[in-house]
Amino acid sequence: MDYQGALEEVAAAVQAQIGQGQVAQYIPALASVSADHFGMAIADMDGEVYGVGDWTQPFSIQSISKTFSLALVLAHGGEVIWERVGREPSGSSFNSLVQLEYENGVPRNPFINAGALVVTDRLQTLTGDASTVLLDFLRAESNNPNLAFDPSVALSETDHGDRNAALAYFMASYGNLDNPVPTVLQHYFWQCSVEMSCRDVALAGGFLARHGLRADGTRLLPRREAKQINAVMLTCGTYDAAGDFAYRVGLPGKSGVGGGIIAVIPGRCTLCVWSPGLDARGNSVAGVAALDYFTTLTGWSVF
Amino acid sequence: MDYQGALEEVAAAVQAQIGQGQVAQYIPALASVSADHFGMAIADMDGEVYGVGDWTQPFSIQSISKTFSLALVLAHGGEVIWERVGREPSGSSFNSLVQLEYENGVPRNPFINAGALVVTDRLQTLTGDASTVLLDFLRAESNNPNLAFDPSVALSETDHGDRNAALAYFMASYGNLDNPVPTVLQHYFWQCSVEMSCRDVALAGGFLARHGLRADGTRLLPRREAKQINAVMLTCGTYDAAGDFAYRVGLPGKSGVGGGIIAVIPGRCTLCVWSPGLDARGNSVAGVAALDYFTTLTGWSVF
Amino acid sequence: MDYQGALEEVAAAVQAQIGQGQVAQYIPALASVSADHFGMAIADMDGEVYGVGDWTQPFSIQSISKTFSLALVLAHGGEVIWERVGREPSGSSFNSLVQLEYENGVPRNPFINAGALVVTDRLQTLTGDASTVLLDFLRAESNNPNLAFDPSVALSETDHGDRNAALAYFMASYGNLDNPVPTVLQHYFWQCSVEMSCRDVALAGGFLARHGLRADGTRLLPRREAKQINAVMLTCGTYDAAGDFAYRVGLPGKSGVGGGIIAVIPGRCTLCVWSPGLDARGNSVAGVAALDYFTTLTGWSVF
Amino acid sequence: MDYQGALEEVAAAVQAQIGQGQVAQYIPALASVSADHFGMAIADMDGEVYGVGDWTQPFSIQSISKTFSLALVLAHGGEVIWERVGREPSGSSFNSLVQLEYENGVPRNPFINAGALVVTDRLQTLTGDASTVLLDFLRAESNNPNLAFDPSVALSETDHGDRNAALAYFMASYGNLDNPVPTVLQHYFWQCSVEMSCRDVALAGGFLARHGLRADGTRLLPRREAKQINAVMLTCGTYDAAGDFAYRVGLPGKSGVGGGIIAVIPGRCTLCVWSPGLDARGNSVAGVAALDYFTTLTGWSVF
């Protein structure tokens, strides 16, 4: 497979989509990013990485961090997390309280905000420092010791975090958080604030293509659990557009409101695409288009 | 009208209901109250007050305070509050987040918790000390300078206040609170913690029967606004049982989970009944029965 | 009380509201009515009737019929109906299926469409001909043997009745209808199609002011049940605006999408107002304004 | 791959699950089936078929028919169907009206009942006889001219079809059905009543593994559309357990309340398993267990 050639063909094909959609507006640190960026990277099974466009420029990973937090909780504490969070698609907007009320404080899956708060709470209990553990893992896997939180993003999220606070207090009222709500919220916001490039994300997610093996060849997760994360990404990874993403792209993926998307072709490679313009459901317009084109071009989808 | 005779007949008639239902369990200070209490008081238009049973024993007024907070907001700031809270029955359980989400953070009415938080927020803005203003008003109207908050209740509410915190942060996310969430919550919990007897409550609510006139004859509210509070009490005052309360009792009323209920016969008198055993919808079993019997006995209902 | 003078003052006061709002559009027979009509009538306790404007012109009573159907079911079969329909405000739009699903096919109250279908089903079981029984009752009480169904309305409702059919089949799936769905729907649509004037409606509703006594002095309902119908009208009679109607008008009332509203001042009189322009919640704009003005003018409200 | 050996190993492994769960109770024709059946079949890319247990015994395919109806609509009429039905997981129970109301009569996906009614309506419009077209297709693909509807099932579904009627009338009220509701319901019920064995289903679904090619080598669907059906099956095919099915089994699948499940390994084979005992979410207990074991045994999942 000529990864570099494929990336360049994809980048050419989606020129018209770049800049479309709207950059996330709810915090200044995201709203000030230009919509015109586009980068894409592929990391193969051997850790070779290919890229196109702005593929080395850091962006705010936001909800992409939820994939890594889930993996770390499973790596540290095993499957007991599934007693506190489901793995069904949410069927409504990504931060809805309605479903949470009807289901007694148990979030539908680990990739909606409520579910990620539960995962963060569990990671905090298991490790004592949920955000630092995540950052250390991402640095190691991407072989990039310069990865860092963006304090301006984390603080800005805190300032605009009333709705996440509502979710957290609501789950606390059902007894589904072990740590104090402000602690959970802080680690959650810091996790979202990590700055990474497409290159970094594609490398960091390599264990999902390698069925659980880390970059150094040690095992992070059993094969079965790595496959299960992919399954949850496919059914729940792109907010209320998971069905459409499966239909168009046909790969496990997880998007963030920073405009990044990580996607996995199990046994082959991990991809990351970034373009800040979002569609109405919070997914990168050019990013989804690029993944769609890539799977059509290569014939690689899980279906 | 022989109020004293009527009260004694009512008390005799509801003996079988006293002790039925369940005392509120969510905070220790309420859970430790015996279910066997029963008291009832009537204050007539001249401020004469009649009572039976435990009518002089203080209890936690809890949500009855919502009636007084609303009156004080209207008295201080007029009808602008209706832009931030509705006056329609909620049609679901009293602290549901669902309706709040579908209606963009505007609570259905001032007598559900979410609505009362907005009222408290407004009273705080108008007066600078929402809970003290309320206590001062209650002391003056009941002519009882010993009325006080119960700190153990207020602190216990705070400790078990995750769900109210969720409601408050949720509304804050829609911009429907002016003061910091912790400030609003504190004043809300202190308001709920006031200890009053049936005698005190009946006297303090006299302005609702007197079409807006305070105990000292000065005007708290225009006649129109006093009637409107009664209307909101009738349609929204007893959680998700407002229709049933109107059907059985036929009076404006507001209940609290401490087991108290205030009810109004406009132009005639204000009543307060207290018995801690609650039905499944949070209203005093013996209290509702007593009001039902009283209106049947006297033929006084608004219908 | 100078009823005639009051009516004329009200009519003058609401001139600016007449023609406002929008005439019901969902069936041609209603959509073709001019919005510029206004009529109002009062029937006192002795059956004297006063009127102003188009008070003798027939209009489609639509949901006002629900009040009479409920009264007839209670008169024929007693309170067992309350096992199959609630009496709580619905808290959402008047034909919502959501609440019905969460409450297992038991409608919230007899004045939303679902509840009225249950009442019609019960009246059909009790009498064998729910619509004729209703028409006969209305003719007798209004002393107008010419009252009739409007077949064009009834057939048009049938043609546009998919949503009511959905409600009926949905309740049937919970076992909450005894008769075949098409039978229930037919009687329901015919009941809605009765043509009456303000004069007719005010007279026909006289039993609600007379605490259950019919025009001929015989008893239709026990005093208690007549009061209870008034209570349900106040809390549930004007769709999702019941709280606001209680707040502004302060009387038991029931509106119809034909633009009519019946209202009751227990012990004094029954009113009917008609003006076809509806507000966003389906109530007559000029009709509500007229009742609001009337209660302000007379000081007669239940609060 | 030794398909026959794998099937026998799977059958041995799930013995403890056979008979668990509860047979569908809502119609007599399904309730009378013994829970103790178990059959499983695999059809490879060349149309060779392997089986174990009761793999040649016909059962009621029920909702498995929804997969074939969708394929036929796409084959006849192309992608315009996606304007009338979504492809997102429903996030609630499989016949809920709630989501339908919030989304204005457009069902979430073609595999919930509401969505299948829309697909049937479209197939009826395209072909003039939706149920016969389906039967003819199934006979041809399974090379079994004896396949037939079970009239007792179809009529029984009609007798117990109030909830589906409610769904259909509800969508009709939004203009989302072209044919008369009774026509759509009839074809829908007949489609569900087809009797097939595991052998028949595995063969009939071969086009899903062959990327759109029929048994005779002609093309039913473009490769892209075949993949898209697989994607919708994965995200929406097993009611409110789609996430869990993806997590455990990791294959596109569609279940029916008759206890059958069809599953696809694109490019390799199509499977059908049948065992009538259902879990709380309507999926075959032993069937899901068998597919789980099979994918673990073979290492074949899409993740």
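In order of appearance the chains are A, B, C and D, and numbering begins at 1 in each one.
FYI, contacts are C-beta pairs under 8 Å (C-beta built on N, C-alpha and C of every residue); 3 or more make two chains touch, one makes a residue touch a chain.
Protein names from UniProt, one per chain: A, B, C, D = Glutaminase.
Treat the numbers as computed from the prediction; the structure is a model and nothing was measured.
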| said: Touching both subunit C and subunit D, which chains are there? | reply: none
| task | Farthest from subunit A by Cα centre, which chain is it? Let me know. | result | C
| said: If I list every residue number at the interface of subunit A and subunit B, are over half of them used by both copies, so same, or under half, so different? | reply: same
| request: Report the inter-chain centroid distance for subunit B and subunit C in whole angstrom, where each centroid is the mean of the CA atoms. | output: 32
| said: Averaging over Cα atoms per chain, report the distance between subunit B and subunit D in Å. | reply: 55
| Intercentroid distance (Cα basis), subunit B paired with subunit A, Å | 47
| said: Please output the residue numbers of subunit A that touch at least 2 other chains, ranges allowed. | reply: none
| query | What part of subunit A is in contact with subunit D in the complex they form? | reply | 86-92, 99, 108-109, 224, 227-228, 230-232, 234-236, 240-244, 246-247, 250, 252, 266, 296, 301-303
| request: Flag every residue of subunit C that touches subunit D in the complex, lowest number first. | output: 96-98, 100-102, 162-163, 165-170, 172-173, 181
